[in-house]
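Think of it as A, B, C and D in the order they're written, each chain with its own count starting at 1.
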Amino acid sequence: MIKPIRICMIGAGRVGKNHSRAITRHIAGGRIVALVDPMAQVREETALEFGIENQFDTLEIALEKADFDAVIITTPTPTHLTLAALAAENKKHVFLEKPMALNLQECDAINKVIDENAVILQLGFMRRFDPEFVAAAQRIETGEIGQPMMIKSNTHGPGLPPPWARDLHTSNGMLAEVNSHDWDTTRWFMGSNYERVYTEVANFKGAVNNVNVPNFYDNALVNIKFESGGLGLISGVCPCGYGYDARVEIVGDKGIMQIGELQGQSVVVCTNRDQGLITPIFRTWPERFEWAYINELEHFVTCIQNETPPRVGGIEGRWAVAGVLAGTKSFLEQRPVYLKEIIGE
Amino acid sequence: MIKPIRICMIGAGRVGKNHSRAITRHIAGGRIVALVDPMAQVREETALEFGIENQFDTLEIALEKADFDAVIITTPTPTHLTLAALAAENKKHVFLEKPMALNLQECDAINKVIDENAVILQLGFMRRFDPEFVAAAQRIETGEIGQPMMIKSNTHGPGLPPPWARDLHTSNGMLAEVNSHDWDTTRWFMGSNYERVYTEVANFKGAVNNVNVPNFYDNALVNIKFESGGLGLISGVCPCGYGYDARVEIVGDKGIMQIGELQGQSVVVCTNRDQGLITPIFRTWPERFEWAYINELEHFVTCIQNETPPRVGGIEGRWAVAGVLAGTKSFLEQRPVYLKEIIGE
Amino acid sequence: MIKPIRICMIGAGRVGKNHSRAITRHIAGGRIVALVDPMAQVREETALEFGIENQFDTLEIALEKADFDAVIITTPTPTHLTLAALAAENKKHVFLEKPMALNLQECDAINKVIDENAVILQLGFMRRFDPEFVAAAQRIETGEIGQPMMIKSNTHGPGLPPPWARDLHTSNGMLAEVNSHDWDTTRWFMGSNYERVYTEVANFKGAVNNVNVPNFYDNALVNIKFESGGLGLISGVCPCGYGYDARVEIVGDKGIMQIGELQGQSVVVCTNRDQGLITPIFRTWPERFEWAYINELEHFVTCIQNETPPRVGGIEGRWAVAGVLAGTKSFLEQRPVYLKEIIGE
Amino acid sequence: MIKPIRICMIGAGRVGKNHSRAITRHIAGGRIVALVDPMAQVREETALEFGIENQFDTLEIALEKADFDAVIITTPTPTHLTLAALAAENKKHVFLEKPMALNLQECDAINKVIDENAVILQLGFMRRFDPEFVAAAQRIETGEIGQPMMIKSNTHGPGLPPPWARDLHTSNGMLAEVNSHDWDTTRWFMGSNYERVYTEVANFKGAVNNVNVPNFYDNALVNIKFESGGLGLISGVCPCGYGYDARVEIVGDKGIMQIGELQGQSVVVCTNRDQGLITPIFRTWPERFEWAYINELEHFVTCIQNETPPRVGGIEGRWAVAGVLAGTKSFLEQRPVYLKEIIGE
């Protein structure tokens, strides 16, 4: 039996818990041997829930006191570069949550330190591991719907993001924190890079939610022109309240493909003909992408065991950040923004 | 322009209103010129709503005083033979609601008087005119799913039938008054006659609804063996409360076909992720089979104009009655009943 | 019985046939008494199919020789002003297909002649009469999903539009000829006017279809900012090949609503588990909006009978044209275009 | 960290492989330490695929040479009693695939030896662990649809069962080998025992598949009367060819509930409007019930660790066998069969 990969989980919050659960219960090839979080209470809770023996305040201490092969970084975006660099320099493989970083300089710095230390970097674009998204990508690849002409991808999340994620001074806002996946998905399925983007945003619930930061928005529509000539649409609403809603629709020159649906469980009930049929909706992202999370983490473990590069890494992470920057600049300046303005020629 | 067929509507109740609406609003080739009903109030209401000029207490008077080509009989089953015979003897074409009659003797008497007077008899099996049922039948005919091996047909109706329809002394109960269509549909799609049937019934809501007649039931499951060797299932629930529910599922030796669904309108709403998605259900039969009713009445009018036999008539009506009688005998005697016991060898 | 409204159908092509069928078969209150089309062959075909007795080359001749109450104009957009004006000046009520006209001047001229002659003008935005769209509008009105924040409306049509509709010199292209309904629908459901629009277009099938006109496009995505602050998205693909696809999705501050679906008939078949389930798609617009066409024409007839204004007229028609003009200017100039640039302050 | 439960897998065929995969990849709390199968080739294949180190021809040898806490029995029904007894007598916990045994005497013998040795017995009714079935059961429990009046459960499997499972001399045929789950599910959801059953069967594909055993059938419809007065329907088709199809529908006195659907993945494609929409169907049972298998095995492991009784055991297994025996007797004797004829008063 192959020795399980020893993992240090960094961040004991919602994503850290989700990944800890996936690994502890469902990934025989990995084991969480350390948990890092400066917040003692949530850290102890998480450690207890998933039977993680070692807990540390910082990655530095963990590196000193515990023995592990890899880290999973689930902390806020601004911490990504520092943590990823420290892990890589200590020859630990890195699983990094999206968005990769706040800007392209940070992305480049992460990619550099990963390369120099010859460790693995996998980005947390779990939709690339969702069975439906994977099947769809393969079918597009075989030409089933022809060349993609138009792709629409939406992520609408139920709850208000944390304060740091609402403010353009401490994050890149909803386009980054909620719609990162859509940037990656549209580029993946279109098989082409963004050429220019145009964004409209709206703020409908800021006041109600006591969000007073300038440039806050809770609705966004991004119109994308791809280098291939294709069109793209990213739609973001957060908080949307009604559920977790992630769907994709692609029109190719030979047909249409729809991926995902609102329905979360195939249990339909009707008790009142004036009300109608009731079907569960996906309530949260862990529910919608349960297999995607298990699969991406299993892929990470397997890539380490086999010393193979992961299916999604720093290049994809960087492109998503570039899209976010262009999309944000667009609504701030109320004009279409070319990617070459962001990434250079 | 062809002269519209002049129709005398017999019965001003729910079915009479439904057919009057279909003809008045949507069938240019037909015109209701007389309305017969002994209940003055409902008759006047219906006449007013659909602009019907002549009203009569009885068909006898209508025949004497008004000029028309055809009758539509929507009155309770026990009245069918008398009314159909009177109409036919006066050379009026007959559209007769289901079930055809209370027993095979009455069916035979109706068929005889129709034949002798060379008028048209169409039975109100409107599902044979529903666009989905028609498309399904054509596709089965072409062999798309191979030879039908098993067919399930259900009709669950929202409300309690009228008193006469609950009592086995004045009707053949739910199997006849609610499930007549299923008898016809299973036989139509299977392309074979029933060989034997076995019925289980249950009475869950009789007490709550103050129904005290003996042998009342509000749930029924009929297991059918067809002459072809195929299996059939008829399911009835009435009152079911939750909506009007009519669906069919056929397994052939090459595949499966499903016809119909619970969803009544493609409008999906979610406002609460704990509740889930809400979609309208079909509330009533006029809503579910709106086009079927228009199409069957248009067919009747066209058959009269073209002097062609209707697609569904006395033979189909008689078989459905035979099925009902066998199905009823089965649960009364708690044993499978062969159709030959009902119709002779 | 009320005397049927006498109608002169102008245009014997696809739309003319569709409306003739709806009226002849399903609208008892209207009668087509004349058909106008300069193309003798298609005119005779249509007249024969629907039993229309009088045929004329031009509306002028029809006005001279036939007696009617109203016209239905189904001819190409450039002809709308002339025909509508001629009809109105002769005191005929006007049902006018979308798009209303090529520019705002023509819209204004039509509205003026209608007003001056005190006749009825109804625009062919049949989606306002589709049972699902109507139910959705009512439910939005009651506040079920709260204030609309984002609305997406798509129309993808199967076949290549006729030559005049592909060329920006003779029409306003796909945004007008295919997506007129989406302009009206988004504004209707949002309950607000467009403030600015940004459009991206693509041309994927022009070469294959031998379309060489400049600025031809077969894919379009329009990003709309409404005066209410809400966001809108119009998506057009034509020819898309795969079917007729018209769906709407609205996110309000209290929930989401979806209207319409790809599935055209609830008949599901599976004969091969490697292929999967097969369900009919809507193939064409007459199929998808069958009831909408019947209802809008019945509404027109009823408005004439009752001398009441139709639910959708010249104001709605003019706004849709304004949107199209802004949307077209946007992609030609690659910038967001404010409606005030088009309609003045 | 809790020490993983050591498991001996008995049977290296389809079910053995499925359970080995679930445990090896997704159940951190269990480990397969031995594999028993007399067929060397399939055993070595399975052992290699899942990294199982110890292989044995028989359970006897495994008990002698390997150390484990529990067995999983996936071999044909006739072997169940012998293997379960041997395991229990050696104080091994037992996970036993359905159907439990060939007759009630064997069921009783298994239950006795389990009790005497105070080990755990879990039956492989994985539907009791499917997230949708579990949610449905809880909602029925809370009274959401009221008292169940009618329940329909179907299992249609794609391929021909193995020879021993087709013959009533070596198995109880399709009702046992395919529909065991439906017997358990209907009883579970109805919350009542069967009172009497009536079965019709048909043989449509026997000849084509060269199945010549007497009493072979590939279609079955079982009509059930429950002690509660409720009605039940079990439908079996095998081989059905078109996919793996397991759905349940329950009508309660307050509403309807549907569990499951044909659609296996939410990826919808249309490339041809004459063909229509294509959606994947569930192809196989491991695909449909992937989480159910993981959950039931995790439950087994947890029950052993916590020394708690499993949610489904020998009582449920015995009732399903009783239902099968009554259902089989019914079609052989062409009459309704009371359960008391099978299990005594």
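FYI, a residue touches a chain if its C-beta (ideal position, glycine included) is under 8 Å from a C-beta of that chain, and two chains touch if they have at least 3 such contacts.
These figures come from a predicted structure and were not determined experimentally.
Asker: Given the touch definition stated above, what is the smallest step count connecting chain B to chain C?
Answerer: When the steps are counted carefully, the minimum from chain B to chain C is 1.
Asker: From chain D, which chain is the farthest off, judged by mean CA positions?
Answerer: C
Asker: Give the chain pair, either B-D or A-B, that is connected by more C-beta contacts.
Answerer: So, comparing the two chain pairs, more contacts are at B-D.
Asker: If you average the CA atoms of chain A and of chain B, how many Å lie between those two points?
Answerer: The mean C-alpha positions of chain A and chain B differ by 56 Å.
Asker: Could you please state the distance in Å, as a whole number, between where the Cα atoms of chain B are centred and where those of chain D are centred?
Answerer: 41
Asker: On chain A, where are the residues touching two or more other chains?
Answerer: Correct list: 241-243, 254-256, 258, 262-263, 268, 270-272, 280.
Asker: Considering only the defined contacts, which chain D positions touch chain B in the complex?
Answerer: Per the touch definition, chain D meets chain B at residues 147, 149-150, 152, 156, 198, 200-205, 218-221, 223-225, 229-233, 235, 237, 240-243, 245, 251, 253-256, 258, 262, 334-336.
Asker: In the complex formed with chain B, which residues of chain A make contact?
Answerer: Checking each residue of chain A against chain B gives 158, 241-244, 262-264, 268, 270-281, 283.
Asker: What does chain A use to touch chain D in their complex?
Answerer: 1-2, 24-28, 51, 53, 131-132, 135-136, 139, 144-146, 254-261, 263, 265-272, 280, 294, 298
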